[in-house]
């Protein structure tokens, strides 16, 4: 029986158990003189019985599927020759996968011994499959009869069903914790290994970033320079540009829409602006790289801009094709709706009664906004901005596409910089061994990024939460 | 014809509380009315048994009075009556006192009846007593009816009749004093009749008081200490 | 008595003009901001549409092709292997030589370079797959794909600087213009773009593989994130006691929602690929990663919609003797479902557009085959866009724009769906 | 009685009240009631505000029908009536708070002393400084107590120096009977006060711009009996210096705090009279029915 | 000592309304007390001017009575008093009637004083009148003081004293009747004295009624129609 | 008086009430008040529910101190007291609604007839079917009127057939005095009704599971006077067949609807007495101070 077929059988069996047990509870009820004499509603008896069947069967099924490969593998080992068995773990693994590929017919190896073994495996598999089917079906039938006979009016069916329900929910909710743990684990070990190669202070305070220098892994002392400062400054620069665009625009947009605009204007403008939020970052990246960057370059060149810095003319402006400005601007535009909708929420959460209060005292509209609503919403807005900053810092695609990889330590928005996320992708795309400093550097960067954004989020979420509580 | 509607509250309990109050009040009215009739009959027929009967009901009247007062207070405390309801409660609270006083006066008459019954011959003034008694009983009855019906015209009539009764009383009194002068030996007996007459007159006043409360109840007008003409005038002014 | 009052009013009136000017200024700032936002939307869209629309069309040259069985090396038309292995390029080349009427090797080479021989070959292969018997050994007119350079040149004919012109020799240019004038070289709708998987040659590259990859990704994501997300939301809102443990879960979820997506990529890379050894580049792993990424979104929006169910309803149900599960299933879920669905759709839309984590787990690989299941190597739409963007070949940039349009289309559809679901399902009692 | 509106009232006077009449007059509906006259004493010789022929519409729906009412100087006028009868709507006309509702159209004359405040050209900002408002739910700004009270004075530029502002804050809080409770914590947020204190803070905030009229829309409905009693006490004190119009759901409250009581019914002003009169002997059957709990 | 506190309401207005009510009530008490003093003085000193003075205050008393009643009604309508406040209002509402009646009786005495003043020689019974008058005035004063102080011990004393007054009155009455029998010509004059005596007796009763209201006011006990002993017993029972 | 709790009350009786005493007893605080005795008639010979030595804590904070109270069969007991005195907390103990608050700990004996309902092992589901609850704000489910009323019967399996359910719905609506108003529109949403109707619907919904006791927490505070009067009337009718405990902010309401009134103060049950007695002549100075508006 194929797995899906077996699954279907299980489903039908469980459904039947549900139906019959429910019917039985109904008939028990009518003997007693009405459903009210049962402990629980009939449907609970049905569900309870169904769970009694389904959970053990699924457990058997699951365990079987998890362990049968290992068991079959153990069984296979006995057919191997002595010397094959004494192979190193890696080589044994290789051998087994060769055999495995023979069973699926995707290998053309013509070793008769291996073919025989693969035949054994096929046999084992079919036996295992059959055994599984029989076990599952038998236990299904057995359990459902047991459930049927065990059914009594005073069974606490409802309580049992509810306990199962709640366990399921609890299980699901722990996933978030596992995810965080997973994230931490996935970056922390590699990072530790990285910091064993590259001292942590060099990583944090070094101003040279050139991981590409490591040409050969065994080349002592040439594992590149891993000073992350230029990455941080680059990230900061781009985020700052983005925030300069997004915060004033987003905030004023939110204010105008929630306080001034008529409901019709709001109903048109708001969704249009929210389109900006829905556009994938890869599109923004594309746009930044292919449209905005050339525009800036050409535009500034065209103007023949001559910037005097501290009275010293530094000549016609050099505009990089991968300027931080382009990425920052586009990122800013991307974040506008993020800021505006978060601020909008916050502004709308300010109770109408405060507005009434202010108007009732004779405030003009802008006074109401500036003196009452804005201060009231300020914590929430600060939280929103922090979240936006964290988002800008973590943003990947735009910078990957529109920003170069040259790690320059500069605050000139017209130059090319690089960011943490760009370097992470650059280092990790393609083949990678998990032991070169280059690859590990990406994880170290990931760790730093995670810590920074985590800190920002933590602060921001707490501010927002405090603010919410104020009006709850 | 003026009518109040005490029975249209959303709260049935309130309706029935007010209803009970009014019924109890009118019942008490009925009892004291009977007391008057009996007392006058006892004195004019020299019927001590009847007089005793009147005296026996005193306790009931007292209890009912206290009960009515309690009811009024409870309604005020529990219902916070306003407008017509409040006026009803206040009017009944006041008029209950009058009814009780009427009962007391009837008792006094009954006591006089017993006091008089010792002597064989009829003292003077029995006919006056009987007349006045009838009239007084009439206006008590009228005032209660007016109360039951919220009828201010009738109430006005009661007030007017009370003035007549006062005149009648004055005449009777003058006559009795003449008798007494004529026959000083009978003075103490005549005094009893005088007290009885006096009680009847007071009963008339109380009936008149009850009628005044009807004005308050129906119109919200406080017409106490006014002449009947003034009352009529005020009512008409408001009707306009 | 009225003296101080009059004074008040006078004071009020004194500053009134200033206050109203401030009011006007403030309003103006707001309008400017909105104007800027709208302008951005407008610019972005005209720009992308302007760039992308041309990607849906392509130039084809009509040539007659001799479906010669021997040249094709097909002896048995019912043998699929033969048909798949057929040498279509040869017949196409021959057709091209015939069309341009060339014989010298240099001319042949020049002529051949004007066409996408392999691309056209695939078109022929498709036709053979359907009815090889009919067309074998016949001569028929075929719309052959031109080379992407030709397409590039023709699409930009009017532009200053004549981009792409320098790629061609005089002769080739003559041929091209002659063919255009004769009507044999035409701009036609590029079906191949929708039917093909990725390819190294831009004229053959299509988004079918990416679309299917995205589809499987979303399937996995939906199947996992919707039930888990809702269950978590219910647990946290309805069941969880207020203690450190639930606080921890809550903080976790909120933080995860704001963790940069690339970090999830690292997670996928280190846990699913390196630790569990799942195959690279599969929608299954991608789906896992995207599930973890979208879960917070779904949980948060589900929690919000559960929270929006008035507590009074819950109290009422409890007061009647409903158990917790009944309260949840009978009252809370039905009322919160529209919000949950909307949240899920929005989360999926985000997942559809997401690229950074997929980059990390190798879904940016070059995979020409169209995936047929969740465990086939696949790429996804945003990944495809990214790859084409990075490809130096001029034709790919246009493809990327077109793919962006397709992606945006899907997103718009999904968001519309979300709005519709919210409107439709929200029972306004 | 020379200023009574009742010359040929369609409403049954107390003397004509019969159960049947009361019944029929309960069903004044929009159809049969275009012409009606307010019973009692709607006008005042010493009027601070005079409203004439006020009609209010929400889109097509008429919420107030031809109301005429005066509010005397330093008088407390209470407005009572069944839910939805238009009390709040009427009250909010008095300082043009209805401007914030787009669908709301107000016609009629509203004189504040001699100025027609319903004139569209009239500026609402100074108007609202003269006619202050206190709302149903206490709504202190999320600022310090001091800033709450100082807010109005600041925006209207009433204080030239810090010390002036301090004075305004102190006297306002004193008038609102809150000074002693908060003088040591003026810098704490206004929201940290209890409900009743918050409402008094809102009153102080309103007083701080020295309005002439104070409007209150169910100012105690969110408060418990003790806090309510305090506010009522405060209203009484304020009536020494301010003209007050108060909407309340609680008839008892109207009875306690007001000098005159206006009874609204389905958008019509049925009766206005001295409060004592309304609660002991109202002129109109509907008023009587409402205050004695005889509706429906 | 029992005390109620009518002046600790959150609402100052309410405090002052109750305070006014009480003050007005006590003021009215003061006026009628003065009326009694004057009336008794007028009759015993044959001072028609004083008698006229008494009669002149009748109107004021009437008006004040109506005003007090109005105040009570208004407090009930506006304040919905409960517990001690309600008892205060109800007690005052009831006692006001008594005060007004006391005033009436004083008027009657004054009228008698005028009637008597025609003849030159003093009728019999003046000494009794004077004695009784003093006692009655005393208990009226006591009852008002008891009311002002919420003092039930004093109220109990008033009730007891009233019984004494009743006895005193009975004695005086018997004596007067004897006089009348001795001198029938003076009957109508003596009758005036009798009416005056009778009025004094009624005043005592009213004072006693007021005292009974104090029990209600302070203790919530309705002690009407009870003997002083019963009252004392009930109070003690509750005190325990 | 044999079942009075007052043997050696620390509370001043009316006779001992002096202004000074009342003052001091106002400041019963958590420190000085561990021992106290409820004045009046806390016990009932015919008790439906008996609460003994009830203490309730929110975390460390004690909200109810050692309360003893009986609720008689078919009796209406009103609970009044200043805001935050623990009325709602106490009421919610009676059907274990406090279970939904994690921090809430309830000790003491709660007997419903002879069953201790505060037993942790006791299942709350059947308990809540026996002790129904009506809340402050009308909270009909967003379902049809029919489904609202039928809901409880459905989850408790009270009706085996559709016709049974119809019967239950009809009789419940009739008892709640709503049948005539809604019988033609049973399929319309419950939320389409007016506030007062909604509250009656909630009562009907509660009745539908035929509870023995109905708890009401300020059931009229969100309603206008007319709707309030209807609910009060309904409570009166229901008291024929149900035992009712009602918490109310409005003393007048307590006076109107209840047979006995319990006065809570700072978590203590100060006095329980016949309602007439409480409102005309309460035994305890604090009760007197509260109902006469003499607080603070």
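Residue numbering begins at 1 within each chain, and the chains themselves are lettered A, B, C, D, E and F in the order written.
Here is the rule we go by: contacts are C-beta pairs under 8 Å (C-beta built on N, C-alpha and C of every residue); 3 or more make two chains touch, one makes a residue touch a chain.
Predicted model only: the values in this text are computed from it and were never measured.
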Other chains in touch with both subunit C and subunit F: A, D
Contact-graph distance - origin subunit D, target subunit E: 1
Furthest chain, CA centroid comparison against subunit F: C
A-F compared against B-D, more contacting pairs: B-D
By mean Cα position, the chain sitting nearest the middle: F
Subunit A and subunit E: spacing of chain centres that average the CA atoms, whole Å: 93
Cα-centroid distance, subunit A relative to subunit D, in whole angstrom: 57
Inter-chain centre distance, subunit C versus subunit E - centres from mean C-alpha coordinates, in Å: 102
Where subunit F touches two or more other chains, by residue: 125, 155-156, 226, 229-230, 251-252, 255, 279-280, 293, 295-296
Subunit E: positions in contact with at least two other chains: 9-11, 14, 73, 77, 80-83, 86-87
Residues of subunit A engaged with two or more neighbouring chains: 158, 362, 364, 367
Complete list of chain pairs which touch one another: A-C, A-D, A-F, B-D, B-E, B-F, C-D, C-F, D-E, D-F, E-F
Parts of subunit B lying in touch with subunit E, wherever the complex brings them together: 62-63, 65-66, 69-70, 72-73, 76-77, 80-83, 86-87, 90, 93-94, 97, 177, 180-181, 184-185, 187-188, 191, 194, 222, 224-225
Footprint of subunit D on subunit A - complex, ascending: 262, 351, 353-354, 356-364, 367, 371-372, 375-376, 470
Touch list for subunit A against partner subunit F, complex: 29-30, 34-36, 38, 41-42, 158-159
Subunit E residues touching subunit F - in the complex, by the definition given at the top: 2-5, 8-11, 14, 80-87, 219-220, 238-239
Complex interface listing, subunit E residues touching subunit D: 9-14, 73-74, 77-80
